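Here it is: the structure, laid out below.
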Amino acid sequence: MTKSRLEAFSDGVFAIIITIMVLELKTPGPNSPPGVAALLPLLPTLLSYLLSYIFVGIYWVNHHHLLAASRHVNGLALWANLHLLFWLSLFPFTTSWVGQTHFAPAPVGVYGLVLLAAAAAWDMLRRVLIRQHGAESLLGISVGRGVKEWVSTGLFALGVAAAFAFPRRAAEATGMFDHATWGSLIAFVLYCVVSAIWVVPDRRIERRMAGAE
Amino acid sequence: MTKSRLEAFSDGVFAIIITIMVLELKTPGPNSPPGVAALLPLLPTLLSYLLSYIFVGIYWVNHHHLLAASRHVNGLALWANLHLLFWLSLFPFTTSWVGQTHFAPAPVGVYGLVLLAAAAAWDMLRRVLIRQHGAESLLGISVGRGVKEWVSTGLFALGVAAAFAFPRRAAEATGMFDHATWGSLIAFVLYCVVSAIWVVPDRRIERRMAGAE
Amino acid sequence: MTKSRLEAFSDGVFAIIITIMVLELKTPGPNSPPGVAALLPLLPTLLSYLLSYIFVGIYWVNHHHLLAASRHVNGLALWANLHLLFWLSLFPFTTSWVGQTHFAPAPVGVYGLVLLAAAAAWDMLRRVLIRQHGAESLLGISVGRGVKEWVSTGLFALGVAAAFAFPRRAAEATGMFDHATWGSLIAFVLYCVVSAIWVVPDRRIERRMAGAE
Amino acid sequence: MTKSRLEAFSDGVFAIIITIMVLELKTPGPNSPPGVAALLPLLPTLLSYLLSYIFVGIYWVNHHHLLAASRHVNGLALWANLHLLFWLSLFPFTTSWVGQTHFAPAPVGVYGLVLLAAAAAWDMLRRVLIRQHGAESLLGISVGRGVKEWVSTGLFALGVAAAFAFPRRAAEATGMFDHATWGSLIAFVLYCVVSAIWVVPDRRIERRMAGAE
């Protein structure tokens, strides 16, 4: 089984997910204030779009690296990949919900749950590919589950817990955060921290592959 | 005629179909109940999305296997492939209709009819490719019409018949099944059974191709 | 300049155009009649979708053949290709307009004008590629402008003229044709005739390429 | 790191951006005037769509050339590419806003700001790739920042300034320009001039690559 179609199909899905999220950025209606002030109500949606764009970008870059280190894929890997893409396909929904409700706690919590599910699906795909290639393979020694993975899972879980546990309305929350609670703000900041951790591409694979050449 | 563009184009269509279905998952409106309870009315849509996602995934995986076993494609195969993709392109419509009507019998029946049509189109594509490669080819010996194909066609037909034949409202049907009938519930369960049969990828091709190497 | 990215990008655009047209097929609203009767008002949209699907399919198949016979592409060919894709990108709009107005004369006429523009853009792309490869090349001898091209252009033009010239409401036009005129019905039939002429893939290229091997 | 997936993913995003913009071209409603006159109110949207289509086309063609001259891409280039695609992904939004407001100054100004941001992101991608390949590489000598780049940045900036600085309603602005100001009309014309400059593909790379062979 060659991996080229897995890559092509996944690239298509990644490209569509990352692009259709922007469709939620609706143009201001005819009754909106004149000038650029009309864009102010869109800021929450733009902000949540930006974060999701970065997360999909992270998954695409790491998918790129993971598959580059793989030699072939079996039927199980095809389904593990489809499973990952399923959770990613829910990003446009949660992103739009977060933006429309101006960071209300329930959407922010569900957003984090989907992030957690995608992270778990990513780990399953990684394991399936390693089991197929063997722990001694280039893939096996390159993509172990390291500190970054554990930290992000922890921060996602913490964010979800915060979103649901601190329902107190943030007193100074106005404008784009008018439905936010202390919990949902903490959660959103934690998600941003995770994205910052990962924007640096996974040098481990790049370095080890270079070393193996 | 090389098969690479057929694969690339089909991957694009598969990727779009599987992704735009999620656009039907509309975010809860401003008058929805607060908290995650707002997601409850979306459950039917999510459930039908999940089933359709799996079906498109099955077609993609099997398409992957079928083309991997093919050496070249002629003009007839291009059109047989477009014919298959046409029926798959109707999945977002039927999926959305089933979800919005909470499993009403007519949408569930039409959903099954489109599944039947796609299955027939798949069989036509398979036959066209086999005729071109010869019954003695790797393709010919790998992808015969086996038990799984007959069983799924039978279950689809049974489901469609049930959806239209048992219009009695399921007495206990409330919430996400409030428009469901006994027939439509039976039909939906039958479709799920078929999807479960097929999630296991077609080992026949994988095994025979491995054997032929 | 390799042609692979031109093919990949075009495949993406073809795949999206052919798929988003189906988004116009809106599910019946909550006040629609129960049962499959709810689908009746969708028939015009389904019919126009089907015709446009076939036209996009024809362009994809012929694009496949045209590029298969080309060896390389220059900057001019990239723009000639983008020009073709521009007109194809208007198909979802005209298709939806025809369907929503139940074959009213203006939409049917504009639909034909876009078909004509796409045909002209196709011819320009063909000429650009032939000029680049030389009239003696495989491409030059394979894809001359033959009878089929002239006939389709004529039928398109005839259809457009009919749509605008015979505004008399078809007396028996009811249901899905309630806004149709004699002219728009004639036009739509002519477009269908052209699609039928072309569904047969361009054997000329296939045959000559086979002969050249 | 091979560049093929970067190209495939980018092609997907380019294809989707260029195609979904047309979704903003909504069909005339049931109360619109009969005949082709119903299309008149769509002219601003069609015009802004056409301009954005050309800009995305320009980026795709130049991306094609830039990557053709590159041998490999590192992690930083992947993110520089994602950064470029982010700004391009905002084109459908600004395009639609310009069209719906009939060239009002704020949308036209924001449209120009996104064009400026995309141009800056393009320059960053170019620099990242050149730094990786070395100034003496084929890429380094082919894609310097020339006159065209400086002129377009200047014209974009001039357009944005004009859109915000001349709020006087153009007295004769009627119909499709009924919300336009002198500033916004000047800005739109300047953007069109830039697009005209670039439609001619970047011959420098083509010529130097041909020369290097």
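Some notes on this structure:
Order as written gives the chain letters A, B, C and D; numbering starts at 1 within each chain.
Quick note on the criterion: contacts are C-beta pairs under 8 Å (C-beta built on N, C-alpha and C of every residue); 3 or more make two chains touch, one makes a residue touch a chain.
Model, not experiment: these values are computed from the prediction.
The pairing of subunit A with subunit B is characterised as different-residue: of all residue numbers used at this interface, under half are used by both copies.
Superposing the C-alpha atoms of subunit C onto those of subunit D requires a rotation of 90 degrees, given to the nearest 5. The chain with its CA mean position farthest from that of subunit B is D. Computed from the mean C-alpha positions, the centre of subunit A lies at a distance of 27 Å from the centre of subunit B. Centre to centre, using the average C-alpha position, subunit A and subunit C are separated by 38 Å.
Residues of subunit C in contact with two or more other chains: 8, 12, 15-16, 20, 23.
Those residues of subunit C lying in contact with subunit B across their complex are 7-8, 11-12, 14-16, 18-20, 22-23, 25, 27-28, 34-36, 38-39, 50, 53, 57, 60-61, 64, 67-68, 199-203, 206. Residues 1-2, 5-6, 8-9, 12-13, 15-17, 20, 23, 74-76, 78-79, 82, 85-86, 89-90, 92-93, 96-97, 100, 104-106, 109-110 of subunit C are the ones touching subunit D in the complex.
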